[in-house]
Amino acid sequence: MSSPANVPEAPIEFKRNVREALADGQLRRNFRGAMDFLMAKRAAQFPDEDERERLRTFGNQVRARALSRLPELLERLETSLTRNGVKVHWAETVEEANAIVHSIVQAHEAKHVIKGKSMVSEEMEMNHFLGDHGVDCLESDMGEFIVQLREEKPSHIIMPAIHLNAGQVASLFHDKLDVDYTEDVDRLIQIGRETLRRKFFEADIGVSGVNFAIAETGTLLLVENEGNGRMSTTVPPVHIAVTGIEKVVENLRDVVPLLSLLTRSATGQPITTYVNMISGPRKADELDGPREVHLVLLDNGRSQAFADGELRQTLNCIRCGACMNHCPVYTRIGGHAYGTVYPGPIGKIATPHMLGLEKTRDLPSASSLCGACGEVCPVRIPIPALLRRLREEAVRAPDDVPHHLRGQGAKYSAKERMIWKAWSKMNTSPALYRLVGYAGTRLRGLMPSNIGPWTEHHAPPRLAARTLHELAREHLGDE
Amino acid sequence: MTAKERILAKLRASLDGSTPVADDYDEALLTTPWAYAADKRVDRLREVLEAVHGETRLTTAADWPALVVEALSERGIDELLISPATAHGQQLAAYLALSGETLKLKAYDRPVEEWKETLFFHTPASLTGTLGGIAATGSLIVWPTAQEPRLMSLVPPLHIALLKVSEVFDNLHEAMHRQRWVNGLPTNALLISGPSKTADIQQTLAYGAHGPKELLVLILQNA
Amino acid sequence: MSHNPRALANATRVAPPLEAARSYPVKPTDVFVFGTCVIDLFFPGAGMDSIRLLEREGIKVHFPQAQSCCGQPAYTSGYTGEAREVARAQLALFAGDWPVVVPSGSCAGMFRHHYPELFKDEPETLKLVESLAARTYELAEFLLNVCRIQLCDAGAPVKVALHTSCSARREMNTHVHSRALLAQLGAVERIDHAYESECCGFGGAFSVRMPDISGLMVLDKTKALAGSGAAEVVSADCGCLMNINGALEKQGASLRGEHLASFLLRRSGGK
């Protein structure tokens, strides 16, 4: 699938973002503290290694099973939700999704939207879109509320304001909400609670995400700790849930292992304060709840990942954030540097399908492939293998196999390809290899002291006086 | 083609010729590590719930109304939102009538649109029943009904819940299975595992974000 | 199960079943050593010390002179075809049933875990790959579990810090084997360093593609090692050593890391 109208996609300025982030000592301290905290919390929830590994395998199987029947399950989901009185909508692109939301807004002449928490709505840039159409869209999750006040994007998929410390939030509330400066977290949360209370019942529409959409029973399952999700999906007369097409699971009982994995991996909790299962709008005899419930199913590149057996595993994700919590790169550069809705390891493998590889060309390389992410992923996404695969796609020659991935070949360089071909020639020709080794070691005195990026942080590498090949031959004889 | 048709066509083409992954559901993994001796089950529930600032009191089917009066008066609360259509609502009303306590009972008996302001700003506490509890995660099973609507357990800053010991299950799998949830989920089904909280500011825990700041669970031992 | 290529290509992947603990053969009379390209050019002493350790256990070591690189640098950079050709060239050299001992967990992991991926579409070659994978051992693993080495410490008391390469740790459990070998040395006290399991920032091409991030990671790693109170640093992987030592030298620090093989040989009186 070629990119529309051959408009070159401006790549995310990742390296510039990285330099800025690394220079920000406060940011680095905030992230180091936060990631250490979250890693410890998760570890404490999985004291039994055997239980943990078997549960991860189980989670992987549940997700793979759902993906292996995805079109059928999506249709079953639509049927069961419709039977329950939920209106189901499908959107291939974020533009289509926003248009659907807009039509619901218009039908209700809505002016005020309140959001629970939804990363898919961030993909849609829904707040911005609604703002352009004269509808204010207020975040009610404390972390999202904070970043919205700062006119920033979330920097973590679970804890949106993780890049800030209490002092920064105190200043923010003091400036924007006209309250006395206080770093007392209890007091700050109370201020948030009081500010948002009235907003819940002034809202015309509540928007939420979905953690799991259950095909068997026609149920949307949401998890949260604060209660704003329940508020947003209960108080306003209309509830719009937005989610990705990969979020469907087959059976009600499938959520049991996934819930356990999600809460224990994300925030190190046995369970969240609320598990909220919605199976329809307010019934005739009920006294609260929305009168209309909508579900918008968004593709936005997921079908591209789905089309490839290996890359399909990207869609196992249950959005726990454990990968970014354990990532040494994310810990140092923070979430914003990625320039994407989803940061960290999952962001690097998912976003290329949403935005194309031209735009995200640097992301698959922003990893040492240490594997910490793959080790903790509750649904066993082989993240390092997928990063490697995306690198392969990014350097594909233009005349190589049919292009299945948007932006394939974005990092193709004839020069680089030639260098690797020469490397291959050297390593497949024993005589040439030994010659290069001999030359390198004998000429090691000529090693320049500045060899670009390596010598920014290292002394020049010291070639040995003689190669192992030579020393081994001397010691063992020829083979 | 509609968006739905286009999306499904893409997905189907991608699966062409493949077979679905088998359902190899490992029930033992969800139950064995989370099973408790009968005399330890309630202890476990209390331990997990109290670790997240839930409050629990052991009592009986006869004594809980007195505890409610005590808990409210300790907090200087003089009115309680409760459903007169439920057995526990009637039991409390009868207790108050007999004991002459001055606690005022309010009912959530009309659509929320008619009294939102009062519900949100002048309702300090509510009392609801539960469908049971889950020991492994310190959770209450709350299925709102026409008598005990959704916002009852969400809006008032204090939520008091009645839990019967006989309805405490070891783990979520057991609860779901024994109560046959799959046969019919209500409009809204909830697991409530403590008062509202957040750690969004510098990972520091604070309670009472948007939901109740306090959750008091009265555990009825002979029920 | 369908052998229709499209069915296989379109199949939804499930994670492989949990591996049982690896079983080890008795000590053989002969082994191959795959030296690795980094050792060949930058740390040949570590390669020779590995060979000496094996010979001291009474094993005849064979070093096919035609060997070069395991192919990992091209593989991780996305140049899969080039990596495959280099891998193919190595395969031919290690036929037979002698164990292949590799003084690098990441290169051993390449043979064991990634070669099968590289050759998954070549059923004939795959047979040779699977034979190679099954008898590839990282050096520490081989000394501990196949040779059942018993090391005697001939040195003075010393505190050492151990850094394990990420792929060695996650693919070959090298941290477990390295710790066990160090524990055999009576006068060696192994101490933990801060963020011990965190990446040193090498990642091969990562260190030159993303030098700013990599530079900060190696700075943090060297700080942790220096701050641990250890007098010496040991690692079973020379890629990491190149990164860590290069940074230490640039910082003007006197601390340097040494390959595990060299450390063990020296401490047990073999040098």
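Per-chain residue numbering starts at 1, and chain names A, B and C are given in the order in which the chains are listed.
One rule holds for everything that comes next: a residue touches a chain if its C-beta (ideal position, glycine included) is under 8 Å from a C-beta of that chain, and two chains touch if they have at least 3 such contacts.
Just so it is clear, the structure is predicted and the values come from calculations on it, not from any experiment.
The pair with more inter-chain C-beta contacts, choosing from A-C and B-C, is A-C.
Centroid analysis (C-alpha atoms only) places C farthest from chain B.
Distance between chain centres (mean CA atoms), chain A to chain C: 31 Å.
With centres set at the average Cα position, the gap from chain B to chain C is 53 Å.
Within chain B, contacts with two or more other chains are made by residues 14-15, 18-21. Looking at chain C, one finds that residues 10-12, 14 touch two or more other chains.
Residue numbers of chain A whose C-beta contacts span two or more other chains: 54, 61, 64-65, 67-68, 312. Note for the complex: chain A touches chain C at residues 15, 18-19, 22, 53-54, 56-57, 60-61, 64-65, 67-68, 309-310, 312-313, 328-329, 332-333, 365-372, 374-375, 380, 382, 385, 388-395, 417, 420-421, 423-424, 426-428, 430, 433-434, 437, 440-441, 452-464, 466-473, 475-476, 478-479.
Within the complex formed with chain A, the chain B residues making contact are 2-4, 6-8, 10-15, 18-26, 29-30, 33, 48, 52, 108-112, 116, 120-121, 136-139, 144-146, 149-151, 154, 172-173, 176-177, 181-182, 185-204, 206-212. The part of chain C that touches chain B in the complex is made up of residues 2, 4, 6-7, 10-12, 14. Those residues of chain C whose C-beta lies close enough to touch chain A in the complex are 8-15, 17-18, 33, 35, 37, 39-45, 47-48, 51, 61-69, 71, 73-80, 82, 85-86, 88-89, 117, 166-167, 170-171, 197-199, 201-219, 242-243, 246-247, 249-250.
By the touch criterion given at the top, residues 30, 33-34, 37-38, 48, 51, 54-55, 58, 61, 64-65, 67-71, 74-75, 78, 90-92, 96, 140-143, 146, 159-162, 164-166, 169, 185-186, 188-190, 192-193, 196-198, 200-201, 216-217, 219, 225-228, 230-231, 234-235, 245, 250-253, 256-257, 259-260, 267, 270-283, 285-289, 297, 299, 303, 306-308, 312 of chain A touch chain B in their complex.
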